[in-house]
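Here the structure is laid out as structure tokens; the discussion comes afterwards.
Order of writing sets the labels: A, B, C, D, E and F. Residues in every chain begin at 1.
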Amino acid sequence: MESGIRELWASTGLANFTLGEVAMILVGGLLLFLAIYKKFEPLLLVPIGFGAILSNIPVAGIAGPEGLIGLIYAAGVDTGVFPLLIFMGVGALTDFSPLIANPKVLLLGAAAQFGIFLTLLGAIGLNALPGFDFSLADAAAIGIIGGADGPTAIFLASRLAPELLGAIAVAAYSYMALVPIIQPPIMRALTNEKERAIVMQQLRPVSRLERILFPLTVLIVTALLLPEAVPLIGMLTFGNLLRESGVVERLSKAAQNEIINIVTIFLGLAVGSKLSADSFLNVQTLGILVLGAAAFSIGTAAGVLMGKLMCKLTNGQVNPLIGAAGVSAVPMAARVVNRVGLEANQNNFLLMHAMGPNVAGVIGSAVAAGVLLALVG
Amino acid sequence: MESGIRELWASTGLANFTLGEVAMILVGGLLLFLAIYKKFEPLLLVPIGFGAILSNIPVAGIAGPEGLIGLIYAAGVDTGVFPLLIFMGVGALTDFSPLIANPKVLLLGAAAQFGIFLTLLGAIGLNALPGFDFSLADAAAIGIIGGADGPTAIFLASRLAPELLGAIAVAAYSYMALVPIIQPPIMRALTNEKERAIVMQQLRPVSRLERILFPLTVLIVTALLLPEAVPLIGMLTFGNLLRESGVVERLSKAAQNEIINIVTIFLGLAVGSKLSADSFLNVQTLGILVLGAAAFSIGTAAGVLMGKLMCKLTNGQVNPLIGAAGVSAVPMAARVVNRVGLEANQNNFLLMHAMGPNVAGVIGSAVAAGVLLALVG
Amino acid sequence: MESGIRELWASTGLANFTLGEVAMILVGGLLLFLAIYKKFEPLLLVPIGFGAILSNIPVAGIAGPEGLIGLIYAAGVDTGVFPLLIFMGVGALTDFSPLIANPKVLLLGAAAQFGIFLTLLGAIGLNALPGFDFSLADAAAIGIIGGADGPTAIFLASRLAPELLGAIAVAAYSYMALVPIIQPPIMRALTNEKERAIVMQQLRPVSRLERILFPLTVLIVTALLLPEAVPLIGMLTFGNLLRESGVVERLSKAAQNEIINIVTIFLGLAVGSKLSADSFLNVQTLGILVLGAAAFSIGTAAGVLMGKLMCKLTNGQVNPLIGAAGVSAVPMAARVVNRVGLEANQNNFLLMHAMGPNVAGVIGSAVAAGVLLALVG
Amino acid sequence: MEQLLQAGLNVTAIGMGVVFVLLTLLVGIIRGMSALSHRLEAAFPTATVSPRPATPANPNQELVGVISAAIAAHRRKRR
Amino acid sequence: MEQLLQAGLNVTAIGMGVVFVLLTLLVGIIRGMSALSHRLEAAFPTATVSPRPATPANPNQELVGVISAAIAAHRRKRR
Amino acid sequence: MEQLLQAGLNVTAIGMGVVFVLLTLLVGIIRGMSALSHRLEAAFPTATVSPRPATPANPNQELVGVISAAIAAHRRKRR
């Protein structure tokens, strides 16, 4: 019996916890705090935070190859299946009408992707400092934080830099939650009162046929030019066609609810398991957090600047603020645009106009992810 | 950088599309058109059509062994899991009361399976023509189109002739959608006005105990005589017991909704991935389409003729039209019977009477699939 | 053709059924009868009973390595995934407020686990009889029946004694259903009228913050002392945090409904496949059934006795009946306590007070399972 | 080809035979099952729960019809 | 058998010991957690959201009761 | 490092190039798609089903609003 007690003691957490594990459990707790009390993207950060706690408990091996979260990771993240299914759900939840009515806002969604690539360069630049040694693949995975799109970031990071996945996902979702704090100062700094007060023309109605042909059009163009982006764009447009076809309500609802909810739980737990002391508690993570903030800021600035250009070229028909929504972070960024617009002009409701660049940003970052996969993967 | 651009160009769709792939994408588009505008079994044909498009995009490899649809195919179709889960949902959605109240209509469901076997012979016969070289297994898989039952057709084809799965599934679902066009002329040709006007006696009520014992009875008889049909019949009767037991509402609803919807999306995409140029763009597919139409027609005719026989033997108590519902295609075929019956007699509602042979046809074709697996598999 | 018929006959059930298979199909039928007409835990026993029938049909091989149920077993039970997901759902469905308001009832949940360990000793004792040869792992798996908690029992049995899983699961769920018959006589025998009539003080309200910190507290204590219990306790507390955080309603509902329903269907079928003649039709199963009844009785008695002790120590503030709820069997055991309490005092509603030890019993048996895994696994 | 055709004819004959035998047997066995059910229900009357007519009735649904239509309309609009 | 029984007794002793130690510890720690919660809520009053009574109240539900019963009835009929 | 930076600059140039080319192309192609849609809808008027305004209207929802709020309240209470 004594030997039994000794054996049991040897298997307790008290006898096995390392400092790194304790620290990571505190990180998990912090994520839960941000998710629950600060409402930082709770749908992802609650499972990620809890997954981080579970995965850093010694002996239990829950993130190991035979553990529950380890099995989930292998089945859904390693294979890329989970982020793609979430993208299908996003497609089924998204109304692209504001983009179809005014397709030129796609340029705003393009401009905002500057954040991705400048951040990639920034990550390479950080290698000049001691403690940093990012490969090109690492840098590309870090850059995608600037895409402000969770499933795209997880998909790309799981392909290019799985060991950085935890930090990248945490940065991506945290900054998406911080969009209302990060974006407005940049938006105000780059525009003047008059520009911000511009009222845009109401969008034309979009017919059902247009909404059905839209996903197919986007898919075909992507297939012709950038097949590497087809898994992401393909599932996004598939989900959208389920929605817009109007004949498969059951499947559309399944994609929007059951599938996306179930997969979100599993994806969050699996991503949390990548928050291990080894890969997270180092100066590289600090670098990733700094670069992520830069990525969002640069993307926002690039979007607004492109908005100013479009404003000029259209003789003031475009409110440059809507460019900020080009980073995606749907629908948070569009709401921020609306709020900043209302500050300048109490009767200026930009929400619908900002939804166009907002969903264009989703397409834009999926395209950027495709390019990165093609060139770096 | 030049080399990067060259590399990227070499990976574009433009540089890689083959004519066959383009043609198959058009086929996928045609299926979407039929599903969305012609309302041809959209729940299956939308995912199948989109799956065909995605799978024929070069470079993306989405149907490859590491691609999303390739993984789905391996997990759910290769193993037979998806069609069986759909069959469970069909069981949970089906009320067998009209069959229990009048079990002799099982003979109509038996007769309609002639379509399966004569089509099998037809496929063998086609081998006489150049370009056709169907094996016995191929012929059996083609014949099952005459079962007019989607999951049964996919289950059998995935076991006997996976390379024909795409064409067989497309033919099966298309002809099911065409039942309102294919069946009525045959039904009218084989019956006279007086027969079509026969009003049938109202069905007796069926007790809860009968509805609970029914699935168990069908399963035991199948187990005794034809264990090869047990996977299909077993899941059908399991779903039905979930429904009729009345004590597991939660599970019954899960089988009828969440499971069947999620699996339908995945099954459709996976089946679509079998629509590749190699296996679809050849004269065999034309043969399959022709044989499929024949299968439906023969099954309809056999059902109606058996109906006429039963009409004779019962001194005119059976309206022979209900034999046409024996092909399954639930509930489309039963509705067609109702419509044709109303033409002959404005007050003759045959719907419930046709539901008996209709669900008998589901059992009949599952039994036929079991025989084919036992003899050919 | 004759050879074909012979071949087909050789593959019929009639030619292949063994007596053991027939007996097991009758056992499956008995389980269905208990589930449907006696309402014995139908959510589990309907799928288990049907799974037993399907798995004992010869030739079909549905429980074999390539059969549907065999695949489900390998994917979900062998890996431990299914019981853990159900535990997540249990967490999302459970309100721990009554336990937080009155944490000392945890001792009742601890005492009731005596049933587990005394049954373990009983199983070892049975080895003295001919025909019994339980290993320590077998005995531990049998003992867990006394935990009165389905997913815990299945999880532990699948790890320690997979060949006994069928009998153990059937015993666990059957006795849970029999709680209203097993417990009251023991409760009445060990208490006097005055004790049973004790009215307890109303529970204080519990704040949202307490409900959020509770799952994290339980998890951390478990991690420190008994990491082997972390998979079970971790998923239970994760589900509970989804519920109580209040910010992930979508995920909480998914855990409570879609996931738990789908997994229950699959888990039941898979457990049923372990009801094979080889492992079930022997004297050991009889032993397991006897020991299971003993486990429930001992657990109930230990809970009530601990309740009496707490009654003494608190000068009669605790009604000892609520100790019986410490076996878990949520919420059946708590309802039984309420009923027996009402017999003694018409105005004594013990339900909420019994929910505390009831959910404490869930934690208690998960902890016991962790100890058994650590010492025996 | 000859051989294949022969095999096909065999499969057809056996297949239709099995389908008819099995389904004809089922006709009788289901009748037996129904008879047994009725006897059991007569013997244990509590077991009889809510017979459901094979032809579903079309119940008066005024109030609930109005409400659920309103809700459905509301949902459709909101989507 | 001797040895097995000895092992079983060991497991029982250690097992019940661990169960009691862990759950007894939890009693104290949960009390501490509750005390901490109340202090935090006093310090940051906005964080306190909707305390829920452990014994759920039985609110007046007239209208909604009627409506939801009607809808439930309607669904039952339609099925 | 030199080489890595060079590679990074390449990726940036090509990446932004592709993003802009593809999305600019899409602007034109979507306009074409819309024009085609309008023509098809003019040619086959039955195919036009329920154009949806990009800015969703805010329909009068009195009754259904009341009912669904009541139901939602009821559900919240019951949980």
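Everything that follows uses one rule, which is that contacts are C-beta pairs under 8 Å (C-beta built on N, C-alpha and C of every residue); 3 or more make two chains touch, one makes a residue touch a chain.
No experiment lies behind these values; they were computed from the predicted model shown.
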Touch-network distance, subunit B to subunit E, counted in steps: 2
Reference interface A-F: repeating pair among C-D, B-F or C-E with over half of contacts shared: C-E
Of all other chains, the one whose Cα centre sits farthest from subunit C: F
Maximum centroid distance from subunit B, chain identifier (CA atoms): E
Contact-richer chain pair [C-E vs B-F]: C-E
Interface residue identity across copies subunit A, subunit B - same or different by half: different
Length of the line joining the C-alpha centres of subunit A and subunit C, rounded to whole Å: 41
Chain centre separation in whole Å, for subunit E relative to subunit D (CA means): 43
Chain centre separation (subunit A, subunit D; CA means) in Å: 48
Centre-to-centre distance between subunit E and subunit A (centres being mean Cα positions), rounded to whole Å: 35
Subunit A: positions in contact with at least two other chains: 4, 8, 225-226, 246, 258, 371, 375
Sequence positions of subunit D contacting 2 or more other chains: 9-11, 14, 18, 47, 67, 71
Contact set on subunit C toward subunit D in their complex: 1, 4-5, 8, 37
Subunit C-facing residues of subunit D, complex: 9-11, 13-14, 18, 47
In the complex, subunit B residues that touch subunit A: 4, 7-8, 11-14, 16-17, 25, 29, 32, 35-36, 39, 42-43, 46-47, 50, 53-54, 57-60, 62, 66-68, 71, 257-258, 261-262, 264-265, 269
Contact footprint of subunit F on subunit A as seen in their complex: 97-101, 103-104, 106-107, 109-110, 113-114, 116-118, 120-121, 124-125, 127-128, 135-136, 139-140, 202-211, 213-214, 217-218, 221-222, 225-226, 246, 352, 360, 363-364, 367-368, 371-372, 375-376
Footprint of subunit B on subunit D - complex, ascending: 1, 4-5, 7-12, 14-16, 18-27, 29-31, 33-34, 36-38, 40-41, 47-55
